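Here come two complexes built around chain A, the first alongside chain B, the second alongside chain C.
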Partner chain A sequence: MSSAPVVPRPVTPVPTTPQERRPVQPAGDSVRNWRLRHRIAHGAAWAAGIFVIAVTASIMGFMAWKGLHYLNPSLIWQRPTPGLAQGDTGGIRDPLIGTLLATFIGTLFAAPLGIATAVWVGEYGKPAKLARAIESAIEMVAGMPNIVLAIFGLAIFQLPFFSFLSFKAQGGGVYGRSFIAAGLIMSLIAIPLIYTATREGLAQLPAKLREGSWALGKTKICTIRTVLLPQIRPNIATGIVLGMGRIVGDTAIVVVLLGAALQIDPVGDTPGLNVLRGGGSTLTTYVYAASPAGEGNAPQKAYAAAFLLLLIVVFLNALVGWIGRRTKNSEITQ
Partner chain B sequence: MTSPPRLRSHALSATDDPFASLTDPAASREPVRRSTSDDGAALPPPIKRVVLDRTPRPIDPATDVVAPIAKDQTLGPERLRIEHVSIGYGEARVVKDLSLSIHQGEVLALIGPSGCGKTTFLRSMNRLTEQTASAWREGQILLDGRDIYETELPRLRRKIAMVFQQPNPFPMSIFDNIAYAIRVQNRKTPGKAEVRERVVDSLRRAGLYDELGGDLDKPALRLSGGQQQRLCIARAIATNPEVLLMDEPCSALDPRSTAVIEDLIGELRESLAIVIVTHNLAQAHRVADNVAFMYLGDLVEHGPVDQVFEQPRAQRTRDYVAGVFG
Partner chain C sequence: MSNVITTAIARVREPWSDRQATVLLGAVACFVLVLIGAMIIFIVHAAWPSLSANGLGIFTGGHDVDKQLGSMLVTGQHPPKSAYHLNAWPYVYATILIAGVAVLGGLVIAVFASVFIVEFAPERVRRVLVPTVRLLAAVPSVVFGLIGILVLVPFIDHDLLSTKRQESVTHLVQLDGTGVMVSIIVLAIMVTPLMIALTVEALRAIPHGWKEGAAALGANRWEAIWGVSVRAARPAIISAAVLAASRALGEAVMLSMISGSRGWSPNPLDGLTYLFEPLRPLAAAIVENVDGLNAPAVKSSIYVFATILLFSSLLLSIGSYLARLPLRRQGVRV
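After this line comes the complex of A and B, so read on.
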């Protein structure tokens, strides 16, 4: 028990009109009474916050200004073509489709795998050693640089066994690069996010829900499907959208496993499958290629593509926020 | 069948279990553990000291365990028979060599101080204790003469239904809550019409149907606590079980909802055997035919309700009952 002297609180008159009501502040707790060190730290914290906002705002503002300037419908519908002058380079249709396609394929594999793994580890988890091993494996994958995953993927998909997934040269060499190969490896960068979100969702469900279902004679799997998973749908959705964000922003895997060719380059004659077996590019590699850092001959289009990329990511982030808010308001979480 | 009101003029103390706090040093630690073990249930009521006419004395557990006296012959056929059952977690033995039997049409109240193993015993009857990794069990539990380990688990649990302390309806509509219970796993049979009929029937038996005014698509979580608990009872009896286990079903409810549920127990007993755990001795007195008093894992006394409350044969029962009836 410290024996701080008891200072009587100054009696403030009860405010009579709404305008007079101010947030309650402890008497004497005004910045002016703080020690110098605390005032400096306080000021620095403010400045850091403002700085972050300023940086974000300038990125957004700059990209919007450039992007809106150069982005137009014809750019989106035209195919990109190699050209020396900016006017000859066409649009960004193929990279845009590439981004959507890669994200779709990656999510298609990542979602069931991530959810199934999380359900197994969270609801069964026996033998415990295996569960722990899976847990750390997923953490490890989450920490791996994309380029490492990409190189590994290339080594795998160039095996003769996987020749059906990509282009096979006359001599028998397997190219190893295709949308399906890239999508499969991209799913690896989304799985940890989906896994974690599902795990957390399951962990926060009260035991009484499970026991209530088991006590009705329901098997574990039936309980999971009918009672648990519907409950954590928002968690899963958040995980999936975060995973999509990771895939959209990836560059390394696209370069190594998609070939980063300007145009989508179908392999074989089967419609649909030929695109999956072929290579292409995404907005990220297109921005690089078109910018002065790459070929450098279409900087305006690089800005337009970068802006579009930013829009997609901002949209995904907004989606995450929206899902989160919607859950909080619903009664499911009580 | 309605039993005449048996509540006597004993003044009831407000507390759950004052006696435990006097005799059992572990009991004073209990509230902290209890609030976590019961799924985040509300904190236990503050312990009120009750002045006993005698100082309770620790008793050698073996000396006053009393064999059950002859059963009331008016009851239906025997449903559950528990033979020398011991249950524990790891090293700890929580239920010790417990034997009793439960008949159709009987309401058996399990009473005893906190932590004496009532919930553990109850949960072992529908094999929910298996869910705890460290739990073990000795002895035999027979349902209609068959070991419960010989029946496959889903079937067993449809025969031995359970109602929990906290109402736990699923976050679905009222209809789906009960339809989920009726369907075997997620099979589509029985068809919609039959399911609907049985849902309505269960809700009627649980005394909830008229209150709902036909709105079965309302989310179950929008019901009041008492209604939710009755929904859980409706859900539990929807599979036409033979035994209904109730673990302090009224402890989270107001007196009115409690009274409704007690009436319901009186109506359900004809077709079922009911085992109810309660800390409320007045409630045990009102609803039960037989009472089993447990203390630190021992079944101390088991007999008709009037005998246990009025002429308890074991010293510990006398102390427990006296402590609460003050």
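After this line comes the complex of A and C, so read on.
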């Protein structure tokens, strides 16, 4: 949603985009003179708007109230342990690390793929039919349920060829669940967002930028790398942060592709790599497992973990808004 | 080793030729196409034993599908063809029911809220509402599930559901507050922000001149926005609803927490009890049975569910694209 407080500008002779132009209103058109039907509909619009604010505020307020009540430093620091009573179940250190790790891996793969695809479709895009097919395919991936992606990932990573990503069970079957497997599939839910942001950014750039660079004798790819991409850095950053938000909030992929362990569970001896090949949990699966729907039944800890999760999401959201405001002030897009 | 890496980095940093760049970026871009193809192949391949054993019988009911899945667990590594027997209609019905009603209900709120945002909200309210919608859209689904299972479900169980009603169906199914009503409410709250975001974008993309024309002909503000903007943006609104439906179909973990997880077809003829009956959508069935993957019959059944979701999501993607075509033809970018 692009929306934005209208920034007063000293001189605006000709409005450039439709958003910046305020629509002309008929004089003397007051809600009081409307027909009853229109007044009811007008009231419904207000009600819907207030309702959305109220729902969000109550969700956030409730989670903050519960979360602040139950969240404490020792909870964040302790490792989770399986236990019957809520007091024995430890803390949420491993899920927190798991969330950060999965987000990092997912973004690491998604960013280059999303940007490269967007650059090719936006700047090269020949043959045109192939470009259009790729665009539709991205839309399809964007609409694909996470659970389908997850179960597809399991089918892929259980192939014997991919045993190096997890481990081989005694019977010869490949386990197929690990941080690297989950991260790879999670990158798929971030790719469409990064792609769209990059593509929109490229489309917004004025033609004079490219033409100027070409006139100086730069090749197309050189123009992209030294002129276009640096200009749309804020767009790319927005896309990446949005993608991170999706990855942080995902549960289905983690449940399927990270195994059911609460603690980070290294596989093999190579430091670093063993964590990537092993399973674990993230905040989302921790909430799921600690809720009455899971085995843990530790609602207080679920509230605390969910609150932490919300904090991360709110932070990422604020980051997107901040980047967006900075973009508005850059000279090139105006 | 480090020498190799430095040379590799140096080679990437030196100017690329346009030809190299086209081929390289194009190859990366084609990855998405390969991905879609691989998804269809792998998922249908894994589902094939069950598909070939059941045919369209999967979409029939009449048996307890939960029990069928349970008995598949013990059919061994080489199950006979009869072990694949699956009548998954209750899951399919639950998926369509929950997603359909949630999207239709959310759509009404979304359209009114979008009209409010675009046309009627005072600047100060808009400044709160727009980030609010963005935030609500980013709330992880597991948080909705947690609030559902810890707040709404106990409320329904204790305050709305009478013991008499519970006893009236106790020989058939347990009512415990989870089920149709809470699933629809929470899912609607989850998909509405997405629809609001897309609808607002579409309403903003409608050229101002169209609305001003209506105003010039004597329409008041409501008639102008409802009769012209909303009418013109109808394809985009439908496309938003279709995308939201795709999101709703695939929601797995949240619905597994609050839907009751029982392969039961709620019957509208039961009157009000209908609202409290448990059910289990396809995506939730996948998440909950993922531990049974070692049994080939269960695995194949799970991939059948994934196949149904995969193809519905692909069809919805195409549907959303087709719905937007008329607007694109008129030059509105949505």
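One rule holds for everything that comes next: the second predicted complex is superposed on the first by the 301 of 334 C-alpha atoms of A that agree within 3 Å, B and C clash if a C-alpha of one lies under 4 Å from a C-alpha of the other, contacts with A are read in each partner's own complex, and residues count from 1 in each chain.
Assume a contact is a pair of C-beta atoms (placed from the backbone, for glycine too) under 8 Å apart; a residue touches a chain by one contact, two chains touch by 3 or more.
What you see is a predicted model; the values in this text were computed from it and never measured.
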Exercise. Just from the overlay, do chain B and chain C fit on chain A, or is there a clash?
Worked result: fit
For this session: For A:L108, select first, second, both or neither according to whether it touches chain B, chain C, the two together, or no partner.
Result: neither
For this session: Examine A:A137 and indicate which partner it touches, taking first as chain B and second as chain C; both and neither are also allowed.
Result: second
For this session: Please indicate which partner A:L68 is in contact with in the superposed arrangement: first for chain B, second for chain C, both, or neither.
Result: neither
Exercise. Taking the superposition as given, does A:V119 touch the first partner, chain B, the second, chain C, both, or neither?
Worked result: second
Exercise. Which of the two partners, first being chain B and second being chain C, lies in contact with A:A155: first, second, both, or neither?
Worked result: second
Problem set entry | Contacts of A:T219 with chain B and chain C, given as first, second, both or neither | both
Exercise. With both structures placed on chain A, which of the two partners, chain B or chain C, ends up touching more residues of chain A?
Worked result: C
For this session: For A:A207, decide between first (touching chain B), second (touching chain C), both and neither.
Result: first
Problem set entry | Partner chain(s) touched by A:G321 [first = chain B, second = chain C, both, neither] | second
Exercise. With the two structures laid over each other on chain A, which partner does A:A252 touch: chain B (first), chain C (second), both, or neither?
Worked result: second
For this session: Check the superposed model and tell me the shortest C-alpha distance between chain B and chain C, rounded to whole Å.
Result: 6
Exercise. Which chain A residues are contacted by chain C in one complex and by chain B in the other?
Worked result: 219, 222, 225
For this session: Would you tell me which residues of chain A are touching chain C in their complex?
Result: 1-6, 18-19, 21, 23-26, 29, 33-34, 38, 41-42, 44-49, 51-53, 55-57, 59-60, 62-63, 112-113, 116-117, 119-121, 124, 130-131, 133-134, 136-141, 143-149, 151-152, 154-156, 173, 188, 191, 219-222, 224-225, 245, 248-252, 255-256, 260, 284, 287-288, 291-293, 299, 302-303, 306, 309-310, 313-314, 316-317, 320-321
For this session: Going by the contact rule at the top, pick out the chain C residues touching chain A in the complex.
Result: 15-18, 20-22, 24-26, 28-33, 35-36, 38-39, 42-43, 45-46, 109-110, 112-113, 115-117, 119-121, 123, 125-136, 138-143, 145-147, 149-151, 189, 192-193, 196-197, 200-201, 204-205, 207-208, 211-212, 215-216, 218-223, 226, 243, 246-247, 249-254, 256-258, 283, 286-287, 290-291, 293-294, 302-303, 306, 309-310, 313-314, 316-317, 320-321
Exercise. In the complex of these two chains, what residues of chain A are touching chain B?
Worked result: 206-209, 211-219, 222, 225-227, 230-231, 331-332, 334
For this session: Can you check the complex and tell me which residues of chain B touch chain A?
Result: 39-40, 126, 128, 131, 153-158, 161-162, 164, 166, 168-171, 180-181, 184-186, 219, 221-222, 232, 235-236, 239
